[in-house]
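Remarks on the structure that follows.
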Amino acid sequence: MRKTLLAIENLKVYYHTGRGVVRAVDDVSLAINRREIVGLVGESGSGKSTLGYAIVRLLPPQGKIVSGKIVLDGKNLLKLSLSEMRKVRGKEIGMVFQDPLTSLDPLQKVGDQIVETILEHVNISKKEAYDMAAKALMEVGLPPDRLDSYPHQLSGGQRQRVMIALATVLKPKLIIADEPTTALDVIVQDRIMELLASLKEELNTSIILITHDISLAAERADKIAVMYAGHLYEYAPSDEIISKPLHPYTQGLIQSIPDVFARKEIKEIKGNPPDLVNPPSGCRFHPRCPYAIEKCMRKEPAMIRINENRYVKCWLYA
Amino acid sequence: MIELEIIDLKKYFPVQKSFLERLLAREKQFIKAVDGISFKMFSRQVFSLVGESGCGKTTTGRLIVRLEKPDAGKIVFEGSDITFADEKQLRPLRRKIQIIFQDPYASLNPRMRIGEIIAEPLIVHSIADKKEAKEEALKMLENVGLTPPHMFYRLFPHQLSGGQRQRVAIARAMILKPKFIVADEPVSMIDVSLRAAILKLLMKFKTLYNLSILFITHDLAVARLISDTIAVMYLGKIVEIAPTEELIDNPLHPYTKALLSSVPSLIRRKREKLVLKGEIANPINPPSGCRLHPRCPYAESICSREEPKLIFYGNNHYVACHFPLVNRRY
Amino acid sequence: MNIGFELIRKMLAPWLKEASLMLKLGLAIVITIIALSITAPLLTQYSPIIKVGDALRPPSTKHLMGTNNLGYDMFSRILYGGRTVLTVVVSATLLSMCIGVPLGLISGYYGRIVDRIFSIIMDSMYAFPSLILALAIAAVLGPSMVNAIIAIAVVYIPTYFRMVRGQTLSIKSLLYVEAAKAIGARDLRIIIKHILPNLLPTIIVVFTMNIADAILTEAGLSFLGFSVPPPTPDWGADLRAGHEYLLAGYWWLVAFPGFMIMLLAAGFALVGEGLNDILSLRGAEKR
Amino acid sequence: MAALRTYIIVRTLMTIPIVFTLLTIVFIILRVMPGDPITAMVGMKAPPEYIERLKEEAGLNKPYHVQYVNYILGIIRGDFGRSLIWGKRPVLAEILDHLPATIELTIFGFIVSIIIGLITGTVAGVKCYTKVDTTLRLYSIIAYALFIPWLGMMFQLIFGVYLKILPIGGRIDPGLTVGWNTVTGLYVLDGIITGRYDIVLNALQHLILPSLTLGIVLSGAYTRLVRANMIDVLSQDFIRAARARGLSELKVLRHALKNAFIPILTMMGLQFAILLTGAVLTETTFSWPGMGTFLLERIKYVDYTTIQGTIVFFAIFVSVVNLVVDILYALIDPRIRY
């Protein structure tokens, strides 16, 4: 078995909007190993969600994958036909969304939604599917009688558990969790993250955790990938990236957030996020970067390999 | 000096029902958003109200600026009772107490220019004529870092980023040189990298105008950063009040402790976790006694019977719990 | 918070093009018809209410749309009929807008008992078949142009009221209105400076759509004989008159008036749809 | 289920003030508005004694409040008054004579409109912002803008006058119904019940043009509505989530349709008023002996009590339909039953 589960190579995703072409994901390469949680961290507009949805090829209609490869377990997802892709969704890749209330069909009982998903992928009887759904609910810490509930009858945390049950019921190889706890309070958030982590152990899956909260990623992820303005700027094991961030943006991000357990001054990153229709030339971070040199303006840096697990895209390390 | 005192403040919202349904229902149902809270705020202090969504912290803020009418209790601002002041009495007060809202996308009128938005308070209170108001607004724009001010004056809100919009909201609140600011989650909808700048701006005005700030947030990390005192709310009640460092280092209420042990942190020191069962209860029928008791691992029978009062534990530390974690401290 | 992704999802570029195309087409139709009816005396030498030729003649170079049973020139009746229709419909919708909008603002902003009473009256009227309501009013008042205007105006007051009330309710709870309250602005200022300007785009859209609907109601009224009395030229009335000669195959008596009704109503509907799309798409991009 | 029952009871009770308001509006329009109805309908030139007599017969010579109380009490008792002309029959009986024709027409018109509307709207929604969509949107605008009598006349010209393949007026050939007793008054249904298939066929032939006219014009509104709702629902998170679970497009569409249907159903209640308006015009165009032609005829003959009774009947009818729609709504959407 290969060590790498998912390899994204030179992926470009563009949106065609009224104002022009938005290069939401621009030449991103990323490899995710088996049984690994990778935190995809970035602010709004960084392209982190677009990257997540590009993997399952569920972009909004204006979004197009322009070039690149997305290889899951040796198979290039971008080469699959639509019906082959459908078999991958839900079965091999499970998704957990930000807002569990709007992500569940309000008119259907949660049990029926789980069963529907199972029957779409596996050829078993309805009865067996129901048993499977009940088991899946128990795995996520809900009593099986919740199968008969409508989404609006559940609390926020319970709904997110249902979403997780939906994503994991077919034991996928990869789970993409898009801001799975942003709509939840901290205490519930912590327990949902705990649940995701334990399911990862149990099912031997990998998880892509898309989040704007680098502390959350630092606590739960094995590796962190930092995105800014459509580019991937740093990719490294969580501990290393937190203790010794290399890219000026990562450094700025870490300095800009307060921490409950630290007495520290916080520093903002100067300036504003760029307009993606007209991104800055060269390194997209250069207008806000304290170390920017003339070269940064002219030429985009290449991804530099620092060591086996560590990558950074910055002229400072070239 | 005491700037603001809240005594046993209550706000119940009727559960929305149509006319006929109300006739049929046996009793009216209420969401007990704020259910008897008391605290004092000293001037030039930053006092944080921390809690999860639905705990009543936002309602408390809206009650203090009197965007809502309290049902019972008292709000005393600078020695005068403003609890039931009517709109006419409130108008001079609005010059002294201002609010900054959470959502900078919704708090600015999309059809007004930035300059008009900032100058509006001056016009409303007939403090300045149009020309003077414009001058003031331009100065304010400079002050909140929206330069060049002449350019920003003419823009519309949708042409600004979230962080810039929140600067406009701050400018609007500050142009009347208020004494007291309610800041309702002012940075929670702003990009992480820009939050620090907004918080710093707020603190700049604090020193400039000798402001007192009631800071409402769900984020303990932000609260720790800027506040002198933190009060933790749960289901319409204050469960703990303490000076910031004291609260973080020695949480006495199980809820505070659970909150602290759930907040993600970059300094991943091993913490003992206090896990609460279930989720926040329905504020229509909150649990009897201590509202946390169904979720609390230390709950005993008295907790479901008797409501704990805020009790002084030294060090300016108050807690409402029958079995505070004080014994577990050492 | 996933604003970036949301934003992109809402940037509906290619769709704006279609919306503006509809708007342009609609405007072209509407402006042409308005221009034709204003310049009617220049375009035809015949009076619409005088016998100018043989009765029931098919279209020819002399009478572009033929003549009717009384020997009136159909082409000039169509042109002058446009004047009647536009006058009745535009005055009626303006009238209902002027009544419905303030009522909706008051009802939505102040709420309470006034709102209850207004709402139940307006909702009842809204649910009632518009033509039958207009018919009842017109029948009581008697057939005349002013009465037709009144009848149609009454019927459409609830349209404005409901829209304005609903929007006022939702805008009232928006943060920027709260912010205005917090700085001490008075009610009147809030309504005029903060609520009304944000309502205007919707009011304009509803107004154009409403004209389209009113054209059909006016045509209905006059088809049933309750709008302007003969011999004033009016498309609906001409259609009714032509119906009697339909079996004999005099198609031009009905084909042209009815087509004009459809064209004018469709024109306004296109303008409304196009405006609606553009405004909502723009709104989505601005957020 | 108890919650559902409460909802139905409450919703039913809520119809009372609505009906009451409608009755009051009708009263105000017919009596309090400037000009009195009898004079307006008979015309100024009628002899004063004649007008006086008519007023007395209709109870119009009493003070307004007495008239109002009598009017409301009468309706509560189910007494819609008696016609002023032709044998002074009870108004309600006359209404019930004409009601089946209108119901038959509206049912068929409704079916046509909903079929066209659902198909075109769904296709436009799914294919949104393509050429297909643009075409269907144009269709919906044109259909909406069609003037019913005109469309009806064009059909009459083509199928009746030139092609001579379909009847252009009436409900049925007069000779057929001699000696035939109707059960419900709905000819198609009665024909089936009594086994008179020649009547069924003939009634259907007569129905084609009127119901097509009514249906096509109404379908425009449905196309627009279904399309807007489909686009809205298809852009919602749970649709994306359903695709992310690997559901086939057909199943995704089923989720979408079910959700899109709810607001459409609410609109149907309001559309019913439009349906009735359309029916009045259709009936007039096709000499269809229903409520619309009946009402117009009585307006012409100044049968004042009948006019009032018919309008009141329409008011109650509309309210009841809205009630039924709201209850259906609660049955379908679990969120309503809190």
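We just call them A, B, C and D in the order they show up, numbering each chain from 1.
Just so we're on the same page, a residue touches a chain if its C-beta (ideal position, glycine included) is under 8 Å from a C-beta of that chain, and two chains touch if they have at least 3 such contacts.
Model, not experiment: these values are computed from the prediction.
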Next on the checklist: With contacts counted as defined, which of the two, A-D or C-D, has more C-beta pairs across the interface?
Outcome noted: C-D
Checklist entry - When the mean CA coordinate of each chain is compared with the mean CA coordinate of the whole protein, which chain is closest? => result C
Item to check | Computed distance of Cα centres, chain D from chain B, in Å | outcome: 54
Item to check | Rounded Å distance between chain C and chain D, as computed from the means of their C-alpha atoms | outcome: 22
Checklist entry - For chain A and chain B, what's the span in angstrom between their mean Cα positions? => result 32
Checklist outcome for this item: Touching two or more other chains in chain C are residues 1, 3, 9, 12, 14
Checklist entry - Got the chain D residues that touch at least 2 other chains? => result none
Item to check | Set of chain B residues in contact with two or more other chains | outcome: none
Next on the checklist: Under the stated contact criterion, what part of chain A meets chain B in this complex?
Outcome noted: 43-44, 155-158, 185-191, 212-216, 218-220, 242, 252-254, 256-262, 266-269, 272-273
Next on the checklist: Quick check: in the complex, which residue numbers of chain C touch chain B?
Outcome noted: 1, 3, 116, 174-176, 178-186, 189, 193-194, 197-198, 286-287
Checklist outcome for this item: Per the touch rule above, chain B residues touching chain A in the complex are 52-53, 161, 163-164, 191-197, 199-200, 218, 220-222, 224-225, 248, 258-269, 275-276, 279-280
Item to check | Touching residues on chain C, where the partner in the complex is chain D | outcome: 9, 12, 14-15, 18, 22, 120-121, 123-133, 135-137, 139-142, 212, 216, 219-220, 223-224, 236, 239-240, 242-243, 246-247, 249, 251, 254-255, 257-259, 261-263, 265-266, 269-270, 273
Checklist entry - In their complex, what parts of chain B are in touch with chain C? => result 19, 65, 67, 90-91, 94-95, 98-99, 101, 103, 105-112, 120-121, 124-125, 158, 162, 169, 172, 176, 189
